[in-house]
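Each of the two complexes below includes chain A, the first together with chain B, the second together with chain C.
And now, the complex of A and B:
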């Protein structure tokens, strides 16, 4: 063997050796992973000898064992998920402590939902709590953020063995196309801007009642402190959806003169906020337009296709929508003193100089601003019935 | 002048000449010598022929009978016999023993007559050919059912028969140094680049081999890069395919004794095209072609993508799918690469076995093998069901490629792709693809870039590339191939 052949042999050998040496290091088989599909954050009260706050992180794991046992028949069913909680004073060290307790490598790239407990949201700045989750590369930017009434870990429990609560929460938010009682989803990427901007905003709130999860209105996060200041119930959330005009469907239930229900189904909605500045006086006009159909009415004597009746039905619905809006505006302006519907943003766009002056104390200013409200509903359609 | 002393030359003396021939080929059992007297006279004559290669009826009726019975008077002279007696088409004279023997061994009959200085060679060759049948390796639903046969003159005739074209030219060459074989280079005179024809001719003349049994030999001996996994010469059994290649300005090589004709130069896209693409309307053809490119991609990268997703990039799989893959892989003892290798090798063995089996057993093995792989292996927990799907899809995809030889190179390359996926994940797959691309871009087939019309990019030729535009829109020939006639309609 001459030197050239030897050199060639050595060259190819070293490539062959280098490949497995340099490669494979990041290889991890899918069945050895524990997918974190949901995370719940709670504040721990029982901490007598600790000055700071203690966090409890609950991770919902889905592993090959929990999935496999769900599909194989003939076995006694076990839960399709595994919740593991750990307590510590910051998010990552707590998460890393979980390594001591599970055989799988935690893998958060399929993390779907992050539920924050009421207590935690009231006490700590959300930006602090979420810092790790926004910073971490493995977290999905599309992960959803919810606020739990009471403890967050409860929302990741389910009575039904085959269900995975984190997925249920995700799928429930899809319902926001068909009702005005659910907020559009707030993801990890979107919340960054909200937290930085200093303006108040809403997060979907969820509660767990006897092992069943339910969306219950919205949580109001004050822009100044980034802390939870209170909740809006479902009816108030309906008002918010009308103000924002972002609803894609839903119902308005009103009553006619005889007290019988008329149900207006929303086909489209549009809202325009106009700001006015007159000297130091700031005011807003809110114009809402919507098209819809009569989905249900109980007054058998009335005829749908008579214009008179349609007008009356429209009037009744308008009254109801106005009531909803008034109701929530009252709550926003007086109870929480938080502008969560983008009135301030509109002022910023239309009167930037005025905004510069008022933005520091906007939530305070907002509470005294008059808002005129105009609602126009059009009934286009009354379904496949003529009475 | 005649050299009487040289034993290689005929003397005119019947006994000596006959002994000379007998000495040369008389030991062969299939060579027949028939001695007789020319009708009415005492002139001795003999015919020598090879049994089986010659037409016995022709010899009996038109040579022996004419010479023995119809010889009515006249002198036994060369002119008289060739002009008046032998009712046979092809008559030639031969002086040298060597060339006479060569002709006799290819089916002619030699006639030696006492007193005549030269031997006569009579064309009595009977072509051993089979019926023209539908090509087995390239079946189409629509299109001519003709396929080449093993006989060269039949094959050239098939091309001539395609349509009257005065420019269709055949150039006859001989290959093989010990066993001489006839080979024809076919091209269209006013379309094909003369340099290309010259290059093909030169490469074929440079072939140094004792024997060239099949056109595969020619292919391997004239291709540009023998280390490349891609075939740089296309082979086909279909005359229509050859003809359309000729009309593109390509050159075809037909070898005697094989139904596979060769087409050069070749581009990669040709491997994924079928003649049917042009026979069907453009819309289905357009979609089928896209489908074939997709199948080629799956057949090359299918298992390697699976490996990189399952072992490296689990975050890229949709969550529900990731969960179901995770559930099915529960209890599988091997990492994804081993699992994939087991399945791929099994299916290759199965395919190889099925290829050589008699027709009656083939399907049985397919079913048994399929069941063993698909059902039992999953039941036993050796592989996961998803892997079976991936492997099956890959195998089917590789059969969707119309050119068998192109399918082989993709199947071959699948294995290095799998290894690079196992080592570096998707990054490795991308590296491998880049490596492959750089090789393809460098590769040339008879001076034509292998991946044209992508590189060099000629948008005018994209009308007939990954998609097939309506025939009315395909107006130009591939630029790098045809030198002059770039427009199809003249």
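And now, the complex of A and C:
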């Protein structure tokens, strides 16, 4: 081989090397992807032929076709999403079986929400149920977790063709800025620590009534078992928000002496939990402060300009807030025996050594702990009207 | 092209030396440090442990500098023989060379594992490693000055992007996760010191770097700055990660720092994937650590055998590749990291002190 030939050979070889550079190694065309935007997990009735539990996974897909079809000229022919369910005994094999039913490649990088059915949450440890979703790197840990009353797959259905229920759920959690009846969002990132720590916590619960989704209070997850033990209704959730002081807005509706409603709108909220340890006795002080305004009052005879009236309105609201808190404390301590509002966490911070001793059976201990509660509301103004 | 010290073009400024040190220290550890340290400490006081680890590394670094300053314009490979004799000195040099190329292989493999998992799923490991190594080879053939100049470019980019993504995560930060401070006393804090000190591995490069410095008398300052910057990085990292994931959440995550970046979305911002920013600077940091250790190993061989450096650079390439491919799975890889760390503790915390004492007793070098 002379030098000429050698040079030619080398040239053609280097051109060959250039060829694979043109394409991306693992590229996927967007038209061929089925974006999973939400996932619902349900427990099926036990199969007699089967020892374990059966899971139904429902994925909400958004594909290039469904997106286009939803809004064409205001006329809708097809739903904006496509739900596919599959049943199996573990999350991933079930998901992989979906390949048999959908032409698109499932793509979970934009998955936003994970809804877990009531039955499933009651029967199985959440750590096990969520294991795949926490382990899988394609799932974003920023995804939200909700607990459905009854079946989870129902919450991913919508009567309205243009809506994508998974996105609606996300948008609805934003509402926690304006009401005390929604919990701050719990993401996969955050739930890790909760599940590992062995303390009880709350998850937002959602129900589907006649094809419409609604946030309905909170689900109580017991720390010891990581299983659902029951629900708090919306009123009880309001109490939780007051205890945590994490609410950013919302209302308190109370009644004046004549039974007419006064509505107090929360502008700011602050709560301080103080723990006390006296020998073996643990107790807590709960001090809540809030500023707000009168947003609505049906008694036309009252004069907002008088301070005496504002005092009376404040007292009526304080009474209501106290009732809410007492109500939920009673539920936590006696019905569920679960500390879901951060009392234990406060003890951990203020008395670390005591906490080391009691943390194992904290929920039990908590159910007998005395809690004093003090509420102070200040009405700053009363809007633009004095009737 | 002889990379023996003394040739005037192979000189670096003090700033460059500090940047090299910072870039060397910041490497694979930043993604796993929150987990490894929390596993040992088990309280939110990890950030104190990180600071103590940094201070200890500073002391070790100063000892190394003091030793190197006694033999101006000579690297460890050249002066070790003067202290303990040709044979023992040669043996020590070989140990250190082996250490350097093992570290370099370890960094390459970690990089391949993380990019293979998060960024380039489906790309074979060799396809990720090879270009990375070839570019490294291309860089170090030029000697220490191109290395220093590249590091100078990477450094500000790293700082800006890191601070940006770290502070974006403030949205999911919960202060209560970091409390109480010293709740269970100082004992837990002390338990993690070895782990955090190992995260600062890198001061050993001063064994060679002092010889290249234009003003070696300022080398102590270089070490102090070079360790302080990573210390700030690490403290920010553990504080943000623990603040978001809590102590209980950190221990189960393989790559907690990436988990933090993946754990939030900021609506309205054009970008959603903040972990890709972190991965970009992290890969650059791995590259710097890889190249400097690769260079240090090749330089060692060339000075030990008193031959030109170039053939050694090429010869080391397959060696590093083979070592990088040895760990069978991710746990093997973490074990390899621990092992290298333990060796480093002996080689660079204990040995320099002994050598310094011997050198003083023998009145060797420049007093």
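Operating definition for what follows: the second predicted complex is superposed on the first by the 360 of 387 C-alpha atoms of A that agree within 3 Å, B and C clash if a C-alpha of one lies under 4 Å from a C-alpha of the other, contacts with A are read in each partner's own complex, and residues count from 1 in each chain.
To be clear about the criterion, a residue touches a chain if its C-beta (ideal position, glycine included) is under 8 Å from a C-beta of that chain, and two chains touch if they have at least 3 such contacts.
Everything numeric here is computed off the predicted structure, so don't read it as measured data.
> Using the superposition on chain A, tell me whether chain B and chain C clash or fit.
In the arrangement built by aligning on chain A, the partners chain C and chain B fit side by side.
> Taking the superposition on A as described, I'd like to know which of chain B and chain C A:65 touches: first, second, both or neither.
first
> May I ask for the angle at the C-alpha centre of chain A between those of chain B and chain C, rounded to a multiple of 10 degrees?
Once the structures are overlaid on A, chain A sees chain B and chain C at 50 degrees.
> Is A:353 touching the first partner chain B, the second partner chain C, both, or neither of them?
second
> Going by the contact rule set out at the top, does A:29 touch chain B (first), chain C (second), both, or neither?
first
> For the overlaid complexes, name the partner, chain B or chain C, with more touching residues on chain A.
Of the two chains, more chain A residues are contacted by B.
> In the superposed arrangement, which partner chain does A:192 touch: chain B (first), chain C (second), both, or neither?
second
> Figure out whether A:315 sits in contact with chain B (first) or chain C (second), or with both, or with neither.
Neither partner.
> Between chain B and chain C, what is the shortest CA distance in the superposition, whole Å?
Minimum C-alpha separation, chain B to chain C: 5 Å.
> Determine where on chain A the residues touched by chain B overlap those touched by chain C, and list them.
The overlap between the chain B and chain C interfaces on chain A comprises residues 26, 140.
> Which part of chain A faces chain B closely enough to touch in the complex?
The touching residues are 19-20, 22-24, 26-31, 33, 35, 37, 62-65, 67-68, 70-71, 107, 109-110, 112, 138, 140, 167.
> Which residues of chain B touch chain A in the complex?
310-312, 314-315, 319, 322-332, 335-336, 422-425, 428
> Any idea which chain C residues touch chain A in the complex?
On the chain C side, the touching residues are 43, 117-118, 120-123, 127, 172, 176-177, 179-180, 183-184, 244-253, 259-260, 262-265.
> Quick one: in the complex, what on chain A touches chain C?
My answer: residues 25-26, 137, 140-142, 187-190, 192-194, 196-197, 345, 348-350, 352-353, 356.
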